[in-house]
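Single-structure report; data block below.
Chains here go by letter, A, B, C and D, matching the order in which they are written, and residues are numbered from 1 within each.
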Amino acid sequence: MGRTTFHTDPVEALAGVADGDTVLVGGFGMAGMPVRLVDALIETGATDLTIVSNNAGNGETGLAALLKARRVAKVICSFPRQADSYVFDGLYRAGEIELEVVPQGNLAERMRAAGAGIGAFYSPTGVGTLLAEGKEQRTIDGRDYVLEMPIRGDWALVAAQAADPMGNLVYRKTARNFGPVMATAAATTVVEVRETVELGAMDPEAVVTPGIYVDRVVTA
Amino acid sequence: MSALRLDVTGAVEHPEPLDRAALAARVARDVPDHAYVNLGIGQPTTVADHLDPRAGVVLHTENGMLGMGRAAREDEVDPDLINAGKVPVVEPPGASYFHHADSFAMMRGGHLDVCVLGAFQVSAAGDLANWHTGAPDAIPAVGGAMDLAIGAKQVFVMMSLLTKDGTPKIVPSLTYPATGLGCVDRVFTDLGVFAIDHERQTVVLLEAYGASAADLAERLGG
Amino acid sequence: MGRTTFHTDPVEALAGVADGDTVLVGGFGMAGMPVRLVDALIETGATDLTIVSNNAGNGETGLAALLKARRVAKVICSFPRQADSYVFDGLYRAGEIELEVVPQGNLAERMRAAGAGIGAFYSPTGVGTLLAEGKEQRTIDGRDYVLEMPIRGDWALVAAQAADPMGNLVYRKTARNFGPVMATAAATTVVEVRETVELGAMDPEAVVTPGIYVDRVVTA
Amino acid sequence: MSALRLDVTGAVEHPEPLDRAALAARVARDVPDHAYVNLGIGQPTTVADHLDPRAGVVLHTENGMLGMGRAAREDEVDPDLINAGKVPVVEPPGASYFHHADSFAMMRGGHLDVCVLGAFQVSAAGDLANWHTGAPDAIPAVGGAMDLAIGAKQVFVMMSLLTKDGTPKIVPSLTYPATGLGCVDRVFTDLGVFAIDHERQTVVLLEAYGASAADLAERLGG
């Protein structure tokens, strides 16, 4: 058996979260959003957090509730502005939150680089745009690229469909999105699952996230 | 600002402008059979309704699916199965799922044949502006726009030719912040279909709709 | 349906291979080795090839037969020297074949970069060694890296377990190895499979290589 | 050549040298419970035979498997299921497969706890030589050695302390071509177990087997 631990209490599963930590939060819209873990993160009381996620929260639940509770110093995301992202909008316009906008593919690839031990990479995305300002540019084989650095998390909060006792994960449909990438890019990865299955019940060919990337699992 | 480099010789003229559905159908006509295609959020999504199922076009959505199906009916909605616009869709046979880094690798590696995007502006060099109005109080939000802009063998833009106040959206050079440089290949609008000739940095009018080629040349200042 | 075409004749499936082409060949030892396609490559008569593969052939079959027929100008691989790699050894010692030795992880990642549109990347592997000589080095966050460039193929020859009519692939156990990476990194990817399954018979969650990467399938 | 920086104070002395099985068992003792471990080709592979199944150690093989099982018996051989040494193995429950880029990403991203490797030489700085003798007529072949050398939280080396002609393989600085710099943490040999103190660039003798600490210091020229 690996070293993945299993928890029923999501707050217990976040033991160790500290002020100033960087937290990768999975999900694209609500699909794959680790709702229980985000709520638990609020409960921990940790503040001055950097949140890395595709969006910056909707309405007043989940990430938006975390923002509203003033726990977040900085958001790194691709798309903060949504129909009902008024909590983020208000904090941003009041100058109370820092924002780093990253093209969605660079966001995913920068986390993949962190997980894969890549020091930096040249991306074709964003060349010649505001989001490449101040970044090193390089022409390789006649094409222009921008140097992008890894994004590492102290924590990754991920939602998956099922875990086995080794911590191996499968996801469901497009709820997979950022989960498998974030799981590789954090010092500690915490995963909420809908079901746990017995050892041997998961097809080894179909495992998406091997248990080595999964530190703690919160069961349903 | 210098004049637009525009070539209207050889344009075919049609009597009526294209309404939204006709425009979507016109874009669909230029999508090759069996192409792998990403349709951007909003108007580009409607192109799917005009693709002949027998043409075997395969849709990609950047949130991790190839072989994406149509929008889900109310009784088919599955919150785990959405497209990039966060609209519930269905899973046809032969689909596959992958994570976000693999999905954007597929896009940026140049494996998609066509990407269809909306735009604020397109320049004669094929530069695209579609992510930011440049307004000082706007909250920046890019999503996958910059990846999509450079991530297909052909990038199609679909938009109205003119803003509400009549200003052309095909321009000598961008006044809005760029999404990508030199990336647009074809521009489909209500009044005309244009190709970008990257070598000549020239906009070539292929078809005019509800206006003569000469009219369009005058409106675009070319 | 995608544009993947299906063939029974492996030589027909290689139509278009030209002298001087770069061919990525899957497999780690014999696991995942596209044996029929390598034999067909010999039959095409194409010469002056660059072969990218983990090894450089064993005995006198497969890659070794291709080498023995003098069709290969250059080999890019991680481990050319094996117990019975005498065909390669002889050609190399006679100065009749060029060799680029690449650490196995860099070999995989360089092909991944080609498939993913990454212009170049900084790798921690090989720093301070003979294999990094002449390569750009860079210190990032206190760690040293070597700049590595993509490896692209004109062709990828891959063996998989099964294909569906969309060209989606699954592999079997450790025969997966380089196949999914090489499939993304070539202009034309040709795959030999043991079985074909009906549309809808492959679990969309378990597809390893989506059909977009598969141009031609050779059926059993 | 300067002298080896060696610290033998505090070493525990054992009367007998370690034979190959005892050495493998000694390495196994230092592998933490529940660790994710890659065992290099050859002698390091034998460490698996000495891991207590209850310790929950999970084996990685760089050709794309986590949770690798023991060597296959003759009736269990499956040509699709081999380890990095190309030896057939079995698939225990809880295993998973992945492709080569994902497998080396797992390694280079620092996710493995321990990697056990053979070596020609280890320097006081923890530099490793295990891929090339430097002989001018040798055909270079690196495999995964350079990735393994830098790809685990802890790198263990397992070797005889002396060559057949009695030359120490722990050296002030490498004379063979390097596989990785500053990467070795611990060296397990028939005559002694050593830690590399990276800050002091010093080899620390932890345990001596079949020789006194003073004897080893003399042999190593420290």
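To be clear about the criterion, contacts are C-beta pairs under 8 Å (C-beta built on N, C-alpha and C of every residue); 3 or more make two chains touch, one makes a residue touch a chain.
No experiment lies behind these values; they were computed from the predicted model shown.
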item: More contacts between chains, B-C or A-B; value: A-B
item: Between chain A and chain B, centroid-to-centroid distance (C-alpha), Å; value: 29
item: Whole-Å gap between the CA centroids of chain A and chain D; value: 35
item: Whole-Å separation of chain centres (CA-atom averages), chain A against chain C; value: 33
item: Chain B: positions in contact with at least two other chains; value: 91, 97-98, 104-105, 107-108, 151
item: Chain A: positions in contact with at least two other chains; value: 109, 112, 116-118, 123-124, 171-173, 204-205, 208
item: Chain contact graph, described as a line, ring, star, complete graph or other shape; value: other
item: Which pairs of chains touch, using the document's own definition; value: A-B, A-C, A-D, B-C, C-D
item: Partner chain C, residues of chain A touching it in the complex; value: 109, 113, 116-124, 138, 140-141, 143, 145, 149, 170-173, 203-206, 208
item: Chain C - residues contacting chain D, complex; value: 28-32, 78-81, 89, 92-93, 99, 101-106, 108-109, 111-112, 123-131, 144, 171-181, 208
item: Chain A-facing residues of chain B, complex; value: 61-65, 78-83, 86, 91, 97-101, 103-105, 107-108, 127, 132, 137, 139-147, 150-151, 177-181
item: Contact footprint of chain B on chain C as seen in their complex; value: 1-3, 112, 114-118, 164-166, 168, 184, 199-200, 202, 204-205, 207, 210-213
item: Interfacial residue positions of chain B with respect to chain C in the complex; value: 34-36, 56, 58, 60, 66-67, 91, 93-98, 104-112, 151
